[in-house]
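Here come two complexes built around chain A, the first alongside chain B, the second alongside chain C.
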Partner chain A sequence: MSVQLSADIVVIGSGIVGALAARRLAQQGASVLILEAGPRLERARVLAAFRNSPIKGNWMAPYPPSRWAPHPIYVPKDNGYLKQAGPYPYPAEYIRAVGGTTWHWAAMAWRLVPNDVRIKSLYGVGVDWPLSYDELDPWYQEAEKLLGVAGADNTGSPRKQPFPMEPVAEPWSMRRFRERLAPAYPVVANTVARNSRGYDGRPACVGNNSCQPICPVNAQYLGINAVEAAEAAGAKVVPDAVVYRIEHEAKGRIAAVHYYSPDRAEHRVTGKTFILAANGIESPKLLLLSASDTYPTGLANSSGMVGRNLMDHPSTSLTFYADEELWLGRGPQSPSSINTLRDGPFRSQHAPYRLDFTNISQVLSVTSDLIKEGVYGAEFEKQLRWRAARQVSVKNVLEVLPNRDNRITLSSEKDAMGIPKPEAHYAIDDYTRRGAEVSKADFTRIAELMGGTGLRFSADGQYANNQHITGTMSMGNDPTTSVVDAFGRTHDHENLFICSTGVMPTAATMNSTLTAVALALRTAEHILPAKDAHATASHRGREGNLA
Partner chain B sequence: MAQDRNDNVATCLASPTDLSRRRLLAGLLTAYTASLIPWALAQPAPHAYRGAFTALSAILVGRRALDAAQSSRLYNALAATHPHFPADVHALLVLISQRQIDPLNLQQVLDAEQSALAPLPRLIVTAWALGVVGSGEGARCVAYESALDAVIVADVLKPPTYAYGTYGSWTLKPR
Partner chain C sequence: MNTPTRCVALLVSMGLLGLFIAAPARGADPSDATLLQRGQYLATVGDCVACHTAPSGKPYAGGLKVPTPIGDIIATNITPSARAGIGRYTEQQFSDALRKGIRADGKHLYPAMPYTSYAQVTDADVHALYAYFMHGVAPVDSMPTPTRLPFPFNIRLSMAAWNLLFLDSKPFTPDPAKSAAWNRGAYLVRGLAHCSTCHTPRNLLMAEESSHELAGGAVGTWLAPNITSDANSGIGNWSEQDLVDYLKLGHALGKAQAAGPMAEAVDHSLQYLGSSDLRAIATYLKTLPAQHEPADTHAIDRWGAAFDGMADQRGTPLPDDANRWSGAQLYDAHCATCHQASGEGSFDGGLPPLFHNTATGRADADNLVLVILDGIRWTDASGVHMPAFADSLNDQQIATLASYLTQHYGNPAATVSAEQVRVLRAGGAPSHLVALARWAMVVVVLLILAIVILLIRRKQRRTSSGRP
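Take a look at the complex of A and B:
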């Protein structure tokens, strides 16, 4: 044991969710220690790594995994970290580094729609959440203020206070979609953590069109901004600290966590309250790894639900050529969506979805296609310009229902530190498949309205993954069917909380980050209330963990 | 075979004067290929292999002008990665010249004949257009902002990571 550390609050994981919970608790006067398995990154180096990368279509390329805290890599070759048990592949991507996976997110900071948290009651599918949309509203608002969220009121998610910022200026391409698809489909501005003006010391977007893999100018809120805010509030971050075991006392309280430094030296960190915030795969992995004689199936797992109900957002898509020059690639990557299919009585029959328009430059894609097709000579340049100006695509973002057989388990294979790798068991059910099938009619109609030619649907039965890892440590009121309560406290360990997209009981149709941040802020408030707390409802059941 | 071609080219380069280099390149071209790249004969070719590479590159990517420094850099990278690269370039240029193959049909012709040169056009166009040499784990980036895919659309788009313009400048119709 080379190091002994201690803090009031020990946070495992330095992603946007854990870091913002840490920040809030540090602001309340708690001593906060954040343990991060991966290294600290520098924006400029990530940027240079992208520019120097031979695989610019792969946004993980500028984020090579560390030896001691590997994360999944699939291109140019699967590094075998996230084992696949099937039947359907679940090639999740995430980043183990200070700041976490939002180093390269699209900054979509959506709220749910109110009915998303009641789909069992309303539609007879999935489960209900243990809290209402109204209870989430003030926490969404706080999260939006921290992240600097730009948005409009026409997205289907009600709110009581205005957005911190106006929507980001609409690219010409998206304007044309909006104009040409009306009135059949209302195209609305995405709700994003991207500055439409100078905000909180960060500049307005200048359209670098590299939101993924890296915003070069800090106009987009990243996990590293959250970490820096937590540090400014007094939290301490320990990078390269690979937590491999959570230690409990006889009666179930958590006493300490143990981590390896890269040299595999062992360290023990004690605390009063522990927050597990290491994402929807690494967190359940750690709970399962921490099995003991008292908890033989892992910590927080009396329900047997740790790692189960794995969800994400699969997508199918249509790519085509519009009949006018749109030149995707001017402005931010993810500007606009159609949100009217997120909810409705059809949810009893098939998955709802958001329809998402990309504004990612098509130059790399069409150039690669031309090379593949062997188009050379004068036609090469002519075709490159024609296609880059007109190629567009639309994808669905489909809901997946919770299913206990979709899960993360421990693999028999170990990583370089001797820690078992995570293993994914995943399938895409008929509910989601039916949603994909229904959305094809929307794809076709959208292409018609855009004068589309050269229609290319994604292959039947093939789903792209969106890296919105959800559900593996679900919240609920019933300790026999859920891992944490409505405040993120594990049912089995009174001083162990979970802040993660993994606590979301259902995945809905929207990128999960903002909801996870809102829930984490609510958890932080529950652990240690702020003087200007929003919602009295959130104080119910608080036990003063630091008292 | 490739080794033989290499030897031939090496023999041709025995007299390293500008004139002989230009004559060499001229010797590789016919009226047909010269018509595709009329500028090629007027350009100094500091190195015969490189001259042939530039000429073949110009035919493949359909450009009237190619940056000399970029050409040299790509040539070095490709020659270092692919055995017999100079000889293969020479052979493909001769093939196109003698048989007057339309660049648009070139890949089809090479594939149909199961030519050993079939992979070559894609290697060269990938290097020029995407700035990438090699494949899989051996791939490396040798150009980004100056790769042709960026250059060809530079009047409308910036390469990703470069600022498009001031906030909101992307709302305007592209010109």
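Take a look at the complex of A and C:
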């Protein structure tokens, strides 16, 4: 064993959620250590890897997994890291590196709609959250200020204060959708952590349309920005530290965590308070791995719920040709959506959804279609131009209800460090399938309003995954049915907290990051109250005082 | 209307008011809104806030460290606080500080305060400024730490001698042979806008060389360019509209962008000037006698052409050693996203082209290195205009990149070394002025001693020879 590290707060995982909790705690004067399994990346190298990669459409390509902290890769073929137990595949993607998976997100920073936290009471499905939307509001506000979020006011998510900035200019394609779908469907700007102007030292979006896999100019907020902010506040980051065991004392308090460095040397880190923030798959994996004689089913798992209730957002879609040139690809990849179907009495019957328009350049996909069709020469160029200008698609983002059989377990297979790989057990239930079926009528209507031809629905029963890993360490008031309380504290270990999308008891219809960040800030406040409580949330001061 | 827009509207209307410089002075009555507004506009023209406000400090409360070759000069509190600011100043004392560099206690200011320029300000404008600083500015009762310069500059009386040599304390007198716009421009440029403070070269004693008005000077590590009417070295090939755009927006399409201290000047001051004042400044600048640098065989903003170096490095792995990245690799990773693969910028010039750009066209590439290091950031809502790369690129990388830029898009004579970047990153070459001044004093003392000895000897000789 080498030099022993110690800190007031030990955070496992350096993604956007853990890093922003770490930053807040470091600002209050705590010593904070962040352990990250993966390596530290450099934006310039990621960007070069993307620009030099022949597989532009695969957003994992610039993020090859490290030997010691592998993550799932599916293209060109499955690297077999996330084992699939079925019955339905759950090919989640995430990045194990300093900064985490938001290296290649689309910066969607949605709030819930208020009824999302009461679907059991209101609609008799799923579960209620142990807190209200109103309790979340100031934390959303604080998160939005940190991330630099902009959006529309009519998305169904009420707010007490304005967004920190205006949305990025509406691309032509989205303007045409908005104009032509009104009044049947109000198309509004997405709520995103993307700069429409210089903000917090980062520049405005210049419309490179490569948000995924990498924003080349730092205009969209990434986990690495959160890590740098945490470091500026005094937190220390240890990369390449693969935590493989959480160690508890006789009475259940957590004493230390153990990690491997890439040479598989063992290290022990002690602390007063521990925060598990290693995403919705790696975090439950680590709790299950840390089973002991006292806790034979794993830590924080007296309820048996660790790893269970795995949720995400399955999507089906429609691709078609509009009757006018829209030229997707100018501006951000995902600028606008329809939010009116996120809530309603129908939720007792079928999944609600958000309808999202892609603005990703169609040149690549049209090119590969044409090659497949055997088109070449002058006709190829003509077709490419015609289709790339007109091809559009709309997808749904469907809610999935918590189900204890959808879960992450430990595989019998091990990774290069000898650590069991995670295994996904997943199915898509009728509630979600009914939602997908209902949304087809919306797809058809939208195509009609856009003068659509060449309609191509995604294959029946085929769902794309959205990498919004939720539910595996759900929060709740009842220790027999949930893993953490409303403040993210594990019911079983008084000094172990979880900051993750995994604590969300339901998945709702929006990307989960902002809610997880808001919950994490609330957890940080619970661990160590800010000296100027809520000064940051209520104060709309000049930029530059943020980090 | 959001706040910045409202400010602009307010200031534009004040700009119109500012035209009436000859308005009769009225008593400094706090209820005289017109006078206060005019004072506020003039304070904006003078950019008092730039030095007299610390980063994220209260307006005009001082505290900003102004680095000079002889040490940091700390800007004072000029709010109307009686205890910490200038609240007890009479209008005459205010005028003396502004135009003669003499504080209320009779001590001398250092010429970091541009009183040699402000000396041009008319009595009427001094009156409006006084009214504004007494009644339009919120008093702040905290006093910044006083300036402490090394010997001999800590003797403020030395400035009396300096003033005797270099201060022309006559207010501006219009030239009846020139247009009203020219006179207004001359008044602003030489006076409150104090352009010469940076753009006129200085002599060994840090005084402006009046024979080289606006021929290019230095401000810290930045080069303040020649802005005389020379077509190659100056702004001779700029239209008046180019100049107005530059002062208003911080850039002139296809020519130049304000960076460093000039971006600050536009950010805090020039963008708020009324359009007739900006046009007057442009009118005056266009008539400044051309000061030509023989090395400038080309107009600085006409160098280079579109060039795409991306294909040559595509598919080549990035070297593990950061120092061995090629110019094209660095350009791809850090510049091409905004300035585009061929350096042509965006179609509307909002993201500027790198050729036909003074940033790459100078024989001296210091400003290019500095803008890569620091980026361009405004304090208003527009924020970051260009990101800073000081943290993401090392000295060698910046040298390679800057050389790639001048080679392909700018003046190929300008090459940049890692050592040059290192020095600029560290804040420039150390100044020898303090040592020089001390040596000069030793030399002067020795000289005086020598003269005294000589005189005594001569006297002795004379007396001895006088003896019979």
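Here is the rule we use: the second predicted complex is superposed on the first by the 533 of 547 C-alpha atoms of A that agree within 3 Å, B and C clash if a C-alpha of one lies under 4 Å from a C-alpha of the other, contacts with A are read in each partner's own complex, and residues count from 1 in each chain.
Operating definition for what follows: contacts are C-beta pairs under 8 Å (C-beta built on N, C-alpha and C of every residue); 3 or more make two chains touch, one makes a residue touch a chain.
Everything numeric in this text was worked out from a predicted model, so none of it was measured.
Novice: Answer with first, second, both or neither: which of chain B and chain C does A:R268 touch in the superposed model?
Specialist: neither
Novice: Per the contact definition in the header, classify A:K145: touching chain B only (first), chain C only (second), both, or neither.
Specialist: Neither: A:K145 stays clear of chain B and chain C.
Novice: Taking the superposition on A as described, I'd like to know which of chain B and chain C A:R253 touches: first, second, both or neither.
Specialist: Neither partner.
Novice: After the superposition on A, what does A:E379 contact: first (chain B), second (chain C), both or neither?
Specialist: After superposing on A, A:E379 lies in contact with chain B but is clear of chain C.
Novice: Please name the chain, chain B or chain C, that touches the greater number of residues in chain A.
Specialist: B
Novice: So, A:A204: does it touch chain B (first), chain C (second), both, or neither?
Specialist: Touch status of A:A204: both partners.
Novice: I'd like to know which partner A:R180 touches here: chain B for first, chain C for second, both or neither.
Specialist: Neither partner.
Novice: Which partner does A:A44 contact after superposing on A: first (chain B), second (chain C), both, neither?
Specialist: In the superposition, A:A44 contacts chain C only.
Novice: Identify the partner contact of A:R434: answer first if only chain B is touched, second if only chain C is, both if each is, neither if none is.
Specialist: Touch partners of A:R434: none, neither chain B nor chain C.
Novice: In the overlay, answer first, second, both or neither for which of chain B and chain C A:E170 touches.
Specialist: first
Novice: Under the contact definition given at the top, report the residues of chain A touching chain B in one complex and chain C in the other.
Specialist: In the superposed arrangement, which is not itself an observed complex, chain A uses residues 47, 51-52, 197, 204, 206, 208, 216-217 for both chain B and chain C.
Novice: What residues on chain B touch chain A, complex-wise?
Specialist: On the chain B side, the touching residues are 36, 59-63, 102-104, 106-108, 111, 121-122, 125-126, 129-130, 132-134, 136-137, 139-141, 144, 148-150, 152-153, 156-158, 160-174.
Novice: For chain A, which residues are in contact with chain B within the complex?
Specialist: Chain A residues touching chain B: 47, 50-56, 76-77, 169-172, 175, 196-197, 204-210, 214, 216-217, 325, 327, 329-331, 361, 363-364, 367-368, 370-371, 373-382, 384-385, 388-389.
Novice: Sort out for me which residues of chain A touch chain C in the complex.
Specialist: 42-45, 47-48, 51-52, 197-204, 206, 208, 216-218, 542-545
Novice: Over in the complex, which chain C residues touch chain A? Could you list them?
Specialist: My answer: residues 56, 314-318, 329-330, 332-334, 337-338, 346, 351, 377-379, 381-388, 392.
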